[in-house]
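These notes concern the structure reproduced below.
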Amino acid sequence: MTMPTSPKDIIAWRVAKELKCGEVVNLGIGIPTLVSNYITPEMNITFQSENGFVGMGALAKPGEEIPDLTNAGGQWVTLLPGAAFFDTAMSFAIIRGGHIDVTVLGALEVDERGYLANYWIPGKGGPGIGGGMDLVVGAKRVIVAMEHVRKDGEPKIVTRCSMPITAKRMVDLIVTDIAVIRPTNEGLVLREVAPGVTTDEVLSKTGACLIVPDDVGEMVA
Amino acid sequence: MTMPTSPKDIIAWRVAKELKCGEVVNLGIGIPTLVSNYITPEMNITFQSENGFVGMGALAKPGEEIPDLTNAGGQWVTLLPGAAFFDTAMSFAIIRGGHIDVTVLGALEVDERGYLANYWIPGKGGPGIGGGMDLVVGAKRVIVAMEHVRKDGEPKIVTRCSMPITAKRMVDLIVTDIAVIRPTNEGLVLREVAPGVTTDEVLSKTGACLIVPDDVGEMVA
Amino acid sequence: MSKVKTIQEAMEFVKDGMTVMLPGFLGVGTPEALIDAICERKTGNLTVIYNDGAFPGVGIGKLIRHGLVRKMISTHTGTNPELVKAIAEGRVEIELLPQGTLVERIRAAGAGLGGILTPTGVGTSVEERKTIMELDGATYLLELPLRADVALLYAFKGDTQGNLVYRRTARNFNPIMATAADFVIAEVEHLVDVGEIEPEHVMTPGIFVDIVVRGCN
Amino acid sequence: MSKVKTIQEAMEFVKDGMTVMLPGFLGVGTPEALIDAICERKTGNLTVIYNDGAFPGVGIGKLIRHGLVRKMISTHTGTNPELVKAIAEGRVEIELLPQGTLVERIRAAGAGLGGILTPTGVGTSVEERKTIMELDGATYLLELPLRADVALLYAFKGDTQGNLVYRRTARNFNPIMATAADFVIAEVEHLVDVGEIEPEHVMTPGIFVDIVVRGCN
């Protein structure tokens, strides 16, 4: 696969590489949703949607919407063969019970502990919790997929989250448009930088200490 | 309905009178199963079977068994229109969650507190707990349907259960072949005696104090 | 005996100040005709249990717009700016909880459980004022049952005894909320005779349903 | 990718000393072909989680008869005199619990809950050695999750990805046990291609199932 050019697509393209054949995957709203564009049928990935099914296919084409068939973002979607519907209790039994191999989530902030913050408190302008906490607690692997900095240029990777954390769980990987970073007990380790991006640029756009090993690679899918 | 002659049928016949139109009822194994013989379609009773369905009909005729359709006693049964199957988690959500109006259960003993004992400990020759505890805890009304004395003539209604109790719950009614007794906070109250049976006979066959009010009636369906 | 009533008859059971369970996920699987009837009658001061904020003027968004909701018990509000504004201005009180916790609390109420222990929310703002338990080296929050006075369901198909079948992702909270309210009203899109739904395919047995009303179709 | 294997291949995942979940209610809904294969291979020293004692030589009664069971976690044994005798003679250890508690403990394990509070068993022999909690004036027992190394399911119909449909009362513990074991093997009576089961009618999604084997029919 050739590398896409938009920041969001670079993130999705790189995250897709992390998914292994046969895995059950839940994609959050926003950038994570784009990951499915970089999945081939041979990878045999099953997408779970927390509003109640497995076997989610691509977005429905305009005019071809199927009644009562939406994803967790409220978009019209399609089904793949072998799909199955269930109620919310079963959906979150799947999520919290460890039956999701990978969840890919956006984040407002990630910190040196590997904790992410992805919800705001209502009344302070934010949207709420949704299924995110259960996903972070329950999935076998959590991948954060987000742009490296906020729209105003401020870093989203920080020493300590200023917003409420989603769970006391170290996420497994952070994929941004310019870097791949792995949280460890020793701190955040820079693993890869995007083609044409220098380590110094990543460091300057990061609000937390980054451990930079000798073998930082180049981001490839 | 004319009164049947066998002790077990007298019990079932009298219990049937306690069921109200439209109720959801669970019948235990043994004598309670016979209650369905005295229910008319006009009563609109729905029978729940804890192995996983509502809408249970009569026993299947020999040669007309339906595969994988048994009651909680393992007998082949039939379905009525409007039946629905579910798994064991839902079945006991129905039972424990207060969605059963009446459960009719056999008992080894009932005592002055209105507690029943209906299971033995394995290794001492007994069968185990099954769904009985959940039924006694969860049903809106619990009716004990049992012969008044054991096969050896010893009373089954006693001061304190000698066997392990099924639940710390006062049952709502005790129906035997010779009497109808209502547990109350004041003790066991004799409500009815069977035709041809005297109060003294009931008292002599009962191993607990019975309160005998002035208005003890005759058992009728 | 048929449980089929008119929407007007059903509305007698939905009163000012009640706690109302409404299934749905961003508006999918929500009983629109029943919600319209509540708006028409202006039954207000409601506590609404619903997954999210839906959208302005859609599903429970209609109740918000009509000012009939006093409190929301929900997981997410951000899709409905009218709700977000009402919360910010103090017109609607909000109790926010994780989605898996919301559904388990409702299920616990319906299943006669005294509560459940979930790892979700430990170490976050969700754990405030909750009992925290350590078991086998793991930490859990004790979450308590959540009941309602009335649950309003939406089914694609239902028979006159209240056996219900939901369609695709419209199932969501419907089968769980059916178990956890004192009174249950189901709006069905297609009303059929008893016996027309395969007993294997019933998703909510009629024993949970008190009243069946026809939807708008 | 198909999950269909032979019974012999599936048996590689069932080993001496394992804890095995077996669904069924008095023999209905139990995978007989898989049980026969265990008896043939004499895989023993098993801890079996099963609702009841079934009958002598039927379902798990075969495992009892062959002396392959070290411990039973069950609700009722009385229908199988061979099991009752084995318990009395100390050849089989028994952990007895109420049926609603058994299924909720399994569900808790599958759903990632740390436990559930049930009123069932309070004040009885069941409460021994359990944590008792008072909440809002009611008393509950804390019951802990129950997992297994392997679950062996029985489905009437299944596709090659492991989507399963159960028939009538054979459903019982199958959908719950499917969620709570490290490895799940489904014996299906009718094997169909992916896509032949309506997504609405799937009772256990294939994501829970590791191996599908054909039954004996």
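We just call them A, B, C and D in the order they show up, numbering each chain from 1.
Basically, contacts are C-beta pairs under 8 Å (C-beta built on N, C-alpha and C of every residue); 3 or more make two chains touch, one makes a residue touch a chain.
Since we're looking at a predicted model, the values are computed, not measured.
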| item | value |
| --- | --- |
| Taking each chain's C-alpha mean as its centre, the one farthest from chain C | B |
| Chain centre separation in whole Å, for chain D relative to chain B (CA means) | 29 |
| Averaged-CA centre spacing for the pair chain D and chain A, given as whole angstrom | 35 |
| Inter-centroid spacing, chain D versus chain C (mean Cα positions, whole Å) | 32 |
| Touching two or more other chains - residue numbers and ranges from chain A | 53, 85-86, 89, 92, 95-96, 137-138 |
| Per-residue multi-chain contacts in chain C, two or more chains | 104, 107, 111-113, 118-119, 167-168, 199-200 |
| Contact pairs between chains, per stated definition | A-C, A-D, B-C, B-D, C-D |
| Interface residues, chain C side, partner chain B - complex | 1, 107, 109-113, 159, 161, 163, 179, 194-195, 199-200, 202, 205-208 |
| Contact set on chain D toward chain C in their complex | 104, 108, 111-119, 133, 135, 138, 140, 142, 144, 165, 167-168, 199-201 |
| Residues on chain C engaged by chain A in the complex (per definition of touch) | 25-29, 51-53, 55, 74-79, 84, 87-88, 94, 96-101, 103-104, 107, 118-126, 156, 167-176, 203 |
| Chain A residues touching chain D - in the complex, by the definition given at the top | 22, 24, 44, 46, 48, 53-55, 79, 81-86, 89, 92-99, 137-138 |
| Residues of chain B that touch chain D when the two form their complex | 49-53, 66-70, 72-74, 85-89, 91-92, 95-96, 121-123, 125-134, 137-138, 164-168 |
